[in-house]
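Note that subunit A is present in both complexes that follow, paired respectively with subunit B and with subunit C.
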Partner chain A sequence: MTQALATTPQTVSTARLSSWSLLLNNRLAAAGLLVLAVIGLIALLAPWLPIPNPNATLPANRLQPVLSEGHLLGTDHLGRDILARLIWGTRVSIAVGLSATAIAALIGSVIGLVSGYARGVTDNILMRGIDMLMAFPYILLALAIVAVLGPGLLNALYAIAIVNIPFFARNVRGVTVGLASREFVDAARLSGKSHAAILFTEVLPNVLPVIVITMSTTVGWMILETAGLSFLGLGAQPPQSDLGSMLGEGRRLLFNAPHVSIIPGLMIFALVMSINLLGDGVRDVLDPRLRAGDLTRPQAVTRFDRRTQPPQPSGARDILEVESLETSFQRGRATVPAVRNISFTLGKGECFGLIGESGSGKSVTALSLLGLVASPPGIITGGTVRIEGEDVFSRSETGIRALRGAKVAYVFQDPLTTLHPLYRVGEQIAEAILAHKRIGKTEARARAIALMEKVGIRDANERVDAFPHEMSGGQRQRIGIAMALANDPDIIIADEPTTALDVTVQAKILDLLQDLRRERGLALLLITHDFGVVAQMCDRVAVMKDGEIVECGRTADVLRAPRHEYTRKLIACVPELGQGKAFLESVRPLFAEVKP
Partner chain B sequence: MSDAIVVTNLRKTFGGRRNILGSASHSVHAVKGVSFALRQGETLAIVGESGSGKSTIARMLVGLETPSSGTMEIDGQDAATLRARGSKAFGRTIQYVFQDPVASLNPRKTIDKILDVPLRLLRNYDGSTRAARKRELLDAVKMPKDTLERYPHEFSGGQAQRIAIARALAAEAKIMVLDEPVSALDVSVQAQVLLLLDELKSRFGLSYLFISHDLAVVESVSDRVAVMYLGEMVELDTAANLFAAPRHDYTRELIASAPRLNAASLQDP
Partner chain C sequence: MGGYIVKRLIYAVPVIVGLSVIVFGIMALIPGDPAQAILGAYATPENVARINRDLGLDRPLHEQYFIWAGNLLQGDFGRSFILNRPVLDEILERFSATIVLAGAALVLCSVLGILAGVVSAVRQFGWTDRVVTLFVLIGISTPAFWLGLLFILIFAVHWRVLPASGMYAVYGGGDLPDLLRHLILPAVTLAIVATGVIARLTRAAMLEVLRQDFVRTARAKGLPERAVIYRHAFKAALVSIIPVIGVQAGFVMGGAVYIETVFQWPGIGAMLVNAISTRDILLVQGGVLVIAVTYVLINLLADVVQAVLDPRLKS
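So, the complex of A and B:
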């Protein structure tokens, strides 16, 4: 994506919110952290707290109620202090939960890493093993393991760790598969690293966040499972206390002394709830997408907060007029303009080019015209866009939506990402028609076929039922253009329409756009980084740099006699066929001063 | 002196393996019997569109893929022998520069660590030599000294490509395979990287196999040009001859399709 974020000036304070403040911004996660911290602290300090021995029995004093003398939470059926047992039991439960998580994470991650990196037979054997582990109900598996190893807290821990290995193995494998085909892994191989070294020094650091996230979300679950096994009498053995066994012992007394089972139950609830809330918070913080903005989901609608609004001129002539448009991005707590003071006009039947390097703000400009910049972080902070003299941003959201597709249509760079992979192309074109016209399905399909013929797809009758992946890049882009044409728009905004295509295909797509423009009197706004494309297509061109238009004029004039220094340098840097090795000699002086 | 690379009748077929039931899976002939030679100190360009097999050739030459048949001789040594001696032997003889510079650098490693690997594993230098070499390499690709402590995401595409080139240079191999080294870069940055590559070539006596889809770029850097079409090499000639008088129809179409700056003056004078 050619977002203009990279070019924002460094002087403005754009400090990212730190992980801590992000976590604390999330109220539920902060509450979870607080509860967990209190519980954890008390559990840690258990040996030094003024509480009685949790295992000291005193049958005479049995089943004291809550708030009785010397026993704040009462006593159980053997006269043991429930508060003491609760604190010591929590200690045990947390310790078991954490160690089971650590074991499961270690073994599961290694399995996931190896099978995701090795693929093939190794992957198959390991993952089918994991599948078998997952196919058993977890409690049955844990019971079987404990049955073999014998009851006891340590064996319960092993059982729970084994049961949870698939979680880690599958998550880690998924991420590793993606990473293993990345170029930096190939690069490490060419640098002489062995497979094991690549796996643990190149891939593992990139997988680590996933492991941490999975750990934070499974600890609570593991504590619950430990409690479950202890409840069944397979975990902690008497007299050792743990939350699950306390619950199990209290179960028999549920009617005459409910507090004996309710108190450990509440503790489990508080513990697991706080860990899960915190785990969700941690996941949100580590998610890079949520980090980049704030913790809200971006909406497809751009927020308008216009500080300046040029007056409506009388007697507008051009079909599209952009006047001092400014779009800004929120970065941290500051708002930084990405494009400033953009003004241009587009006449009927004209092709206007917007050219610039990555980060120059050309795509942001294109998306801003119909309010398609995602908010947050994008906000339109000034200027107007007039279509046939009418201010677009003064319209309601439904009003703007009515313009999209009908009056103004977009063609994007990569048709593979803009076409839905699971729908047939014909259905997608028909959908575009039906969004604006009330016609029957069969008629829409007929029109879709006609459109496909229009954009030069042979055998449109058969290809209408093809899926996007069954078509070549050039054909997909033709479908993209057909969708744009679906409602006879007056303006087409084409954002790098041929960048992803081969030159021979590019030439054909550009010809198609040119023909359509002449035939239908379309106004074409062409966004590109390629001077060759501009030279071939555009009547007029604007050169963008760092979010501003530095030069605007007739294409022939701009290319032949560029006025701005930047344009001159850019054009000089474009190699021309026929220049040969003279090209390098001609650009060498331009960068002579760059040498340190 | 022998040629840097000699490739004879090289083939690569993906898929086509027989499964348990004995039926062959769908196979793709990516490279169909290609032969060429890269001379010492030369830049040989391979041009072609997506799917023409040019990247597959590059990946086979550096040992990332194994050819289905045919022989490759790299710096006078048979590639199969090199492969048998392990990936390190390959890395010392031939190096590779990737198309997407940012993706080819591990996002969680500092540049210091990234450059350290080839120096340590391929050259076996001790600590102080490595530190000195890293400074020299950064100097050669014109990057500032503080580059070492920084992470890949702190650099622009052009800077990242300089770092990737420095990593390839670190192995001190004399043959470089450049797979679309400038196609992900903006034009002004592209020109700078081309200049840098040209300079490094004469300074270190390198031979380049330059893979690209951009004819104008290819013409400006290469001595000879090979055109790939659907896995076959349809034409191989000196750059001057090929662009002046293309013999194959496909080459002619490629040249005709390339957008030109002077089109505007032709369109409306």
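So, the complex of A and C:
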């Protein structure tokens, strides 16, 4: 415990350092920070700057244009210097915006912390209250509050702060709920700390990033909205003035002297824009999902950058030939191969197994065959895939697309995530047909029903209108198979088709695939991590490890005399009924790295 | 579906009751004696007591609430002393103007925002994405009331192509093209911030969906990219975009307060600003309540649309 405490500050400081550099690396955020710093500095130094008194009126000198002598930005309808008023007004607007943010953050966070930590009735009452506040359109509640308190800058500040409390309360509560059930909070509770102490010393530090993110994303609004209330005449009252009230006063002179209202508006814009740029930067830095680049959209088309391209051989060809396939992933600037030197063939009507543990590159291989690897980060960097002797990767994207689902179809692992949740299963099967055949919708639907019957779905006539979530896992996978059969393909690539299913359902799905293969002469590429499945289904098998095929041969031969150590481990991992402890004993020596 | 709508309607009832309690509570907090304010110089103790009795102000607060709520249900929102007419009449007249303005802005920001967001996501990191992102940033950082003034200067004063203020209803006799001419500037101004917000969230939703397994399935079926994006990815993203539009309806109706003031649009927003200045409390009360209830109903509609799109939500 002491050790952990001693190391914590260090990790925090390094994290902060990298956050800072990340923030400054973000060009837009850095620009926002710079502009904000300049504006803030000028506003802060206002009393010492060589500018006229912002409230000194000189009617004779009224409505001077921009760049007139002695008045860089001109004068307003009372002859007051606009530059001086702008600087002092900015000072007020920033102060009001920051105070409103601080108030909203303080009250909102306390509500969120208490609500998320206490749960139960307290949580319910507080959150229903917050919901009620959010049921009002944003600025309307502020108006109602100003109506009660009366116009005035301080009242506008309170109104805007109250309106923003829900954002803090909700965000903070969300994180607190997760934290309150964590071990370190339990430990603190058992050590006899009071609830208040736990909230402030254990929970609060972990909630701070959320508070900071919420502050950085709301402070811009708050400045904007208080300026808005002042613009309407409900905020700052003369002689006091902020940017909003300057704009409001200037509005009456819009046609004669537009600069009086345009200048303060420009300032509000610059201020809010720089805050928003900085706020986005802060959010990106503190949100690990964005930092990891996880939200990068995979492109529609897989990138090909083949350095090797085996020559086109002649002679009799298998239906699918893979030669020296290499697919790489981009990691930062480097390109790291995920699978290397993959070569195998698949004959007509044959079942070929590709086996290996997760991460061995089986799925990447399967997706590479028809250019379905997500780019970025994937790039196909070498080798060739031939279907009936023709190089797939030499085709155009449209050309490859004509193969997908027609000549070669996929069956994926988890049918709950691989079927579209918002379309009826019949529509999804029909769509697969219509992607390649010019037939009417009614006919496509009739064929979809026939396919569903084919894959053993009872009452296909009714189930055709079911949504995926209304079906069981096994039924969903049958739909996946029906979809794959839609255009009578020659090859089916089944990527762990039964892994997400119960054991009994697994057996039925495998039987179905086997029957279809015999009946239609399908070539089946079966990807799995289970040698039991391979033994039952496959004529030949290739064993993959760390992106390479380490062993390949007839299934019976590989099972009888595995040449590679890794293959032996995989085979040993298939338990037989009744083996019990003996199974564990026999497997243990194979995994020397795992301590018993 | 019908059952679901009824269920959602029933859920909305406590929310609306809660809103009315808050609105009533806020107005009850107002310092000062209404009777004093009404009577002014004639505020003798007897007169004050009589007015208080007439208005029910001598009763306990919760009784006052039930009387007020009962009157509301019968369409009696009280009487505006400043305008000397029933509050409901004034609100109904101005409500239609606000609905026209806010409705137009909402349609505008939904269409433009979704379009910009989808294009931006599909071309992530391309120049279209950068341009959209920049416009979004500018949009959400611009004070709408200032932008309105700029638009007036540019389009009404400088180019003289569009009117700067009003709506034909005030001047009487306009037809639809005339209304549209008056509508363009305020509606566009009002839509800008919300367009930015919707574009931003649409982009995020699309990026999230485009990584899903079912998008890969759609590609594996051999569908053209356009179908993958619009039929598969967009439909799934729309489920999370709809509630955002519901929330933006609130921002648009709130923002109408500024825009109606800038463009002298005869809606509830401008009415509220005047009523607050003249301390016409009953008018503020009624106006706030009507807009808040409208907002609740719009979100209810958004919930229903979402459930139509996503059958999983109904169960």
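Just so it is clear, the second predicted complex is superposed on the first by the 401 of 596 C-alpha atoms of A that agree within 3 Å, B and C clash if a C-alpha of one lies under 4 Å from a C-alpha of the other, contacts with A are read in each partner's own complex, and residues count from 1 in each chain.
We adopt the following convention: a contact is a pair of C-beta atoms (placed from the backbone, for glycine too) under 8 Å apart; a residue touches a chain by one contact, two chains touch by 3 or more.
These numbers come from a predicted model, not from an experiment.
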First (subunit B), second (subunit C), both or neither touched by A:D530: first
First, second, both or neither for A:T555, with subunit B first and subunit C second: first
Broader residue contact with subunit A after superposition on the shared chain, subunit B or subunit C: C
Which of subunit B and subunit C A:R119 touches, first, second, both or neither: neither
Which superposed partner A:F184 touches (first subunit B, second subunit C, both, neither): first
Partner chain(s) touched by A:P205 [first = subunit B, second = subunit C, both, neither]: first
Partner chain in contact with A:R568 - subunit B first, subunit C second, else both or neither: neither
First, second, both or neither for A:N276, with subunit B first and subunit C second: second
Partner chain in contact with A:R520 - subunit B first, subunit C second, else both or neither: neither
Doubly contacted residues of subunit A, that is, touched by subunit B and again by subunit C: none
Of subunit C, residues touching subunit A in the complex: 15, 18-19, 22-23, 26-27, 29-30, 121-122, 124-125, 137-138, 140-147, 149-150, 152-153, 157, 204, 206-208, 210-214, 216-225, 227-229, 231-232, 235-236, 239, 249-251, 253-255, 257-258, 261-262, 272-273, 275-277, 281, 284, 288, 291-292, 295-296, 309-312, 315
Touch list for subunit B against partner subunit A, complex: 49-50, 62-64, 87-88, 90-91, 95-96, 98-100, 103-109, 117-118, 121-122, 142, 144, 156-157, 164, 167, 170-171, 186-192, 194-195, 198, 213-217, 219-221, 239-240, 243, 253-265, 267-269
Contacting residues of subunit A [partner subunit B, same complex]: 6, 182-184, 186-194, 202, 205-206, 357-358, 473, 502-507, 510, 529-536, 555-556, 559-560, 569-584, 587-588, 590-591, 594-596
Residue numbers on subunit A that touch subunit C, as the complex places them: 128, 131-133, 135-140, 143-148, 151, 220, 224, 227-228, 231-234, 247, 251, 254-255, 258, 261-262, 264-266, 268-269, 272-273, 275-277, 280, 295-298, 300-301, 367, 370, 372, 374, 401-406, 409-410, 412, 414, 417-423, 431-432, 435-436, 467, 469, 483, 486
